[in-house]
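First subunit A sits with subunit B, and in the next complex the same chain sits with subunit C.
Let's turn to the complex of A and B:
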């Protein structure tokens, strides 16, 4: 069984890394990772200078009580805070494409019947696919982590300590969990839907719901405001409607669980600097467990969908 | 006129689309999003009013005058912020899907070359496709417009003035231009790519970059956006003082602004937010004042629109591209 499984997984990786569209998305993602460190650093340097200039302007205007610097003690890691947004925008979308391509290829070319005429069990096949996707996503996450480390080393006075590097790595592991859930979503719909365009579009509708609709209903923030890391720090839900929505929808808000854990790991606020990785996981145990739960549910649903997939009756339309 | 190939193709495009499950699913989804955004804005306003009333009651019980607090003002056009943002994001996806479908169905059924072997010119073919989908997008936006007007006036009992209706109409006209750009972009890529699903993925990658990522980068680089509620507000600085400070960071601001200006979405957003008064400084201002400031954004989105249509015609007339389809 292991041989069959590894053959399917290796084939999956080989085919994916040859796909131009996947490589295009990968390139965008790496460029964003590289750019994100520079943007974070440039913004951090500028806002400190803006504060100093504001103090001069206020003093010249004769203001006696000048507010203290709100940016004092910004953590090194916070320059990567845009990565939270890029993961739930680009990372999850790329994961959907990875999952979608994993099975739609076989269905379109009509080789599923041929594959199962060989001595290959269904469970080995789907497990091989999941393993292949997992390896691709893990390779991607490790490469992104290395890009982040290198980019931070290139920026003056931005070298990370061991603890900071470990927190950054933990953030990417959490990001892997998040992306994996979306890749399974792409895979599930590529198994169950009859139209090729719908197999890509339906998981995208889910993506829009998770990224924009649920957070809007629970926080009252507009969709574009949710793309600013400063805004996702604060929750504006007030009043009975938002309180109700928050209670009802929070368990389903995968994005919220992801950002809740990611923020302390990337030290987006001063109070997070003193926390260790275990403390962060302990404090956000609910969100961490929810992400894990979604991870296992997505694997279970993939197996379930594939179990119901009819090899002989399969037809896929454009 | 009835026998003109452009109108025949346009009519076929329209009737095909309104029977298409994919399009109808997206349309329904957009309506749900518009309803949610209106609902959320309404509840947000309600909670602001409740907070204001509580604060006033507290101040009065302490013997102080409540008039120092600013009463939340209701502006119906400002309620549409979420709707416009969903049109920016999901509307663009609908444009992409329509552009993809209109070429994919011809390529998939091998009807494109067959059609061109009939007395139908390439100009008529692509012109018919653009006309049909233009009418479709206009109908879709018209439906949303009617839905907004009827829900705000019917449920909220707030009636729009004639000038507000005109502004609303103009905002939706700009939305048509914006959506058509994405339609043409996706149609162009679908013509160009031999493997059509790749065209869809590349269209989504471009959409991701210009609709979500570039504006997001520009927004997060804004020094004022670093603190919830705004950095300059936290420093209690006047607008003049803010401008004085920002003027010292000209290179940074120029780079940030250039980044935002490179995205068609940002031009559309600036134009529509000003027209509807969602951006406070334009709230209640006449259209003359708004267009004096925002004509540049109008020129930008119009250029993208006209440019993409011309490119679609040019690409479709290119022999080598057509050879790739055969």
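Let's turn to the complex of A and C:
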């Protein structure tokens, strides 16, 4: 069984890395990772330069009490804070495409008929697909982590300590969990929906709901505020409606669970700097467990959907 | 050369699609070594039969057996005994012929994959396409790769669903030669759904005619031609059978 499972997984990776759509998304993602480090560093440098200029101006004006530099405490890791947005905007979208492509290409071409005339069980096939997707996402995450490490090494005075590197790695592992859930969403809809356009449209609607609508309803913030990686408020005081929505919808806000864990891992605020990885997980146990729960639910639903898939009734193929 | 034993057997096999009866108590026995031509009008139930026999579809009622194995209860084991070439065979277009065949060989449990792929391609006189991507292949070329994937694990039975559909005359001739070679040299039993009566006359040893899900005729080609001495061609015989079947 393991041999067949690994055969399906390896084939999945081989086919995917030769697809132009995936390669384009991959390129965009790597560029965003580089930009994230650059933008973070540039912002930090600009702010410090403004502070230094203000000090000179204040001294020239004869001000005696010059305030201390409020930005000296900015953590090295915080230059990667934009990655939180890139993951929940672009990373999740890319994961949907990876999951969607994993099965729609077989359905569309009709290769499923050949596959299931071979002595291969359905569970081996779908497990192989999930394994292939997992490896692709992990390779992507590890490559992104390495790009982040290299970019931080290239930026002056930005070298990470071992603990900071470990926190950055942990952030990418949490990002993998988040992206995996979306990849399964893409895979599930590519199995159950009758037309190719619907198989992509419906997970996109889910993506919009998870990324924008649910966080907006649970926090009462406008969409632009939600894109601020350092200031995503977990609770709301915007009136009874949003308080109610927060209570009802918060457990389903995967994106909020993700940002809740990611912010301390990337030390987006001063108070997070002193926290170790285990402490962060402990303090945000609810969000961490919720992400894990969604991870397993998505795997279960993928198996369930595939169990009901009928090869010969599939009219999607050309 | 061949054992005189049933290798494909259906007993009261029926299948319904909602309200439509696609197969109606089909009782069919095919013996090892035959080249069986399954004839019938569009919608007669030929593809449904092949889908059930290849374990892609579960019948509504009745039993289907391949090499003595039940197609529902022992589906994985059944698949080790069969090769299948669907009507519109497709592959992974951005993989080479070798990569595609290696994938299907591994799924079929073939051990020495590389050697086997080369052996099959050489057998089909097609080794020059080994490293070419399938995206640019013609229908005839795809069909040949389709045959290669179907026989790579040395099955006892090969199911072909309208194999000549969309092929040019040369492609049809090549495919016919391959089918006969597979039967004679590798002792593979062939089950072929087809519309082309000329192909049945040139290739098959036994024919069966399906009419609205019912088997209305089955005999060897020799006996069939003897039984209808006044009809000039197999086409006329078929038309007579269909007419009788409808009545």
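Basically, the second predicted complex is superposed on the first by the 288 of 318 C-alpha atoms of A that agree within 3 Å, B and C clash if a C-alpha of one lies under 4 Å from a C-alpha of the other, contacts with A are read in each partner's own complex, and residues count from 1 in each chain.
Rule of thumb we're sticking to: a contact is a pair of C-beta atoms (placed from the backbone, for glycine too) under 8 Å apart; a residue touches a chain by one contact, two chains touch by 3 or more.
The shown structure was predicted, so the numbers you read here are calculated from the model rather than taken from an experiment.
Trainee: A:109 in the overlay: touching subunit B, subunit C, both, or neither? Say first, second, both or neither.
Mentor: second
Trainee: Using the superposition described at the top, determine whether subunit B or subunit C touches more residues of subunit A.
Mentor: B
Trainee: Contacts for A:117 in the overlay, against subunit B (first) and subunit C (second): which applies, first, second, both or neither?
Mentor: second
Trainee: If you stack the two complexes on chain A, which partner ends up touching A:82: first (subunit B), second (subunit C), both, or neither?
Mentor: In the superposition, A:82 contacts subunit B only.
Trainee: Please indicate which partner A:247 is in contact with in the superposed arrangement: first for subunit B, second for subunit C, both, or neither.
Mentor: A:247 sits against neither subunit B nor subunit C.
Trainee: Report for A:97: first if it touches subunit B alone, second if subunit C alone, otherwise both or neither.
Mentor: So A:97 only meets subunit B here.
Trainee: Should A:159 be classified as contacting the first partner (subunit B), the second (subunit C), both, or neither?
Mentor: The answer is neither, since A:159 touches no partner chain.
Trainee: Quick one: classify A:3 as touching subunit B (first), subunit C (second), both or neither.
Mentor: After superposition on chain A, A:3 lies in contact with subunit C alone.
Trainee: For A:195 in the superposed arrangement: first (subunit B), second (subunit C), both or neither?
Mentor: First partner only, subunit B.
Trainee: Using the touch definition from the top, list the residues of subunit A that touch subunit B in their complex.
Mentor: Contact set of subunit A toward subunit B: 20-21, 24-25, 28, 32, 35, 39, 42-43, 46-47, 49-51, 53-54, 57-58, 61, 63, 66-67, 70-71, 82, 85-86, 89-90, 93, 97, 195-198, 200-201, 204-205, 208, 212-213, 216-217, 220, 222-224, 227-231, 233-234, 238-239, 241-242, 318.
Trainee: Could you pull out which subunit A residues touch subunit C in their complex?
Mentor: Touching subunit C: residues 3-4, 7-8, 11, 14-15, 18-19, 105, 109-111, 113-121, 310-312, 317 of subunit A.
Trainee: What residues on subunit C touch subunit A, complex-wise?
Mentor: Residues 51, 54-57, 76-77, 79-80, 82-84, 86, 88-95, 99, 103-104, 106-109, 149 of subunit C touch subunit A in their complex.
Trainee: Could you please specify the touching residues of subunit B with respect to subunit A in the complex?
Mentor: It is residues 21-22, 25-26, 29, 33, 36-37, 40, 43-44, 46-47, 50-51, 81-82, 85-86, 88-90, 93, 97, 100-101, 104-105, 108, 196-198, 200-202, 204-205, 208-209, 212-213, 215-217, 219-221, 223, 225-228, 231-232, 234-237, 241, 244-246, 248-249, 252, 269 of subunit B that touch subunit A.
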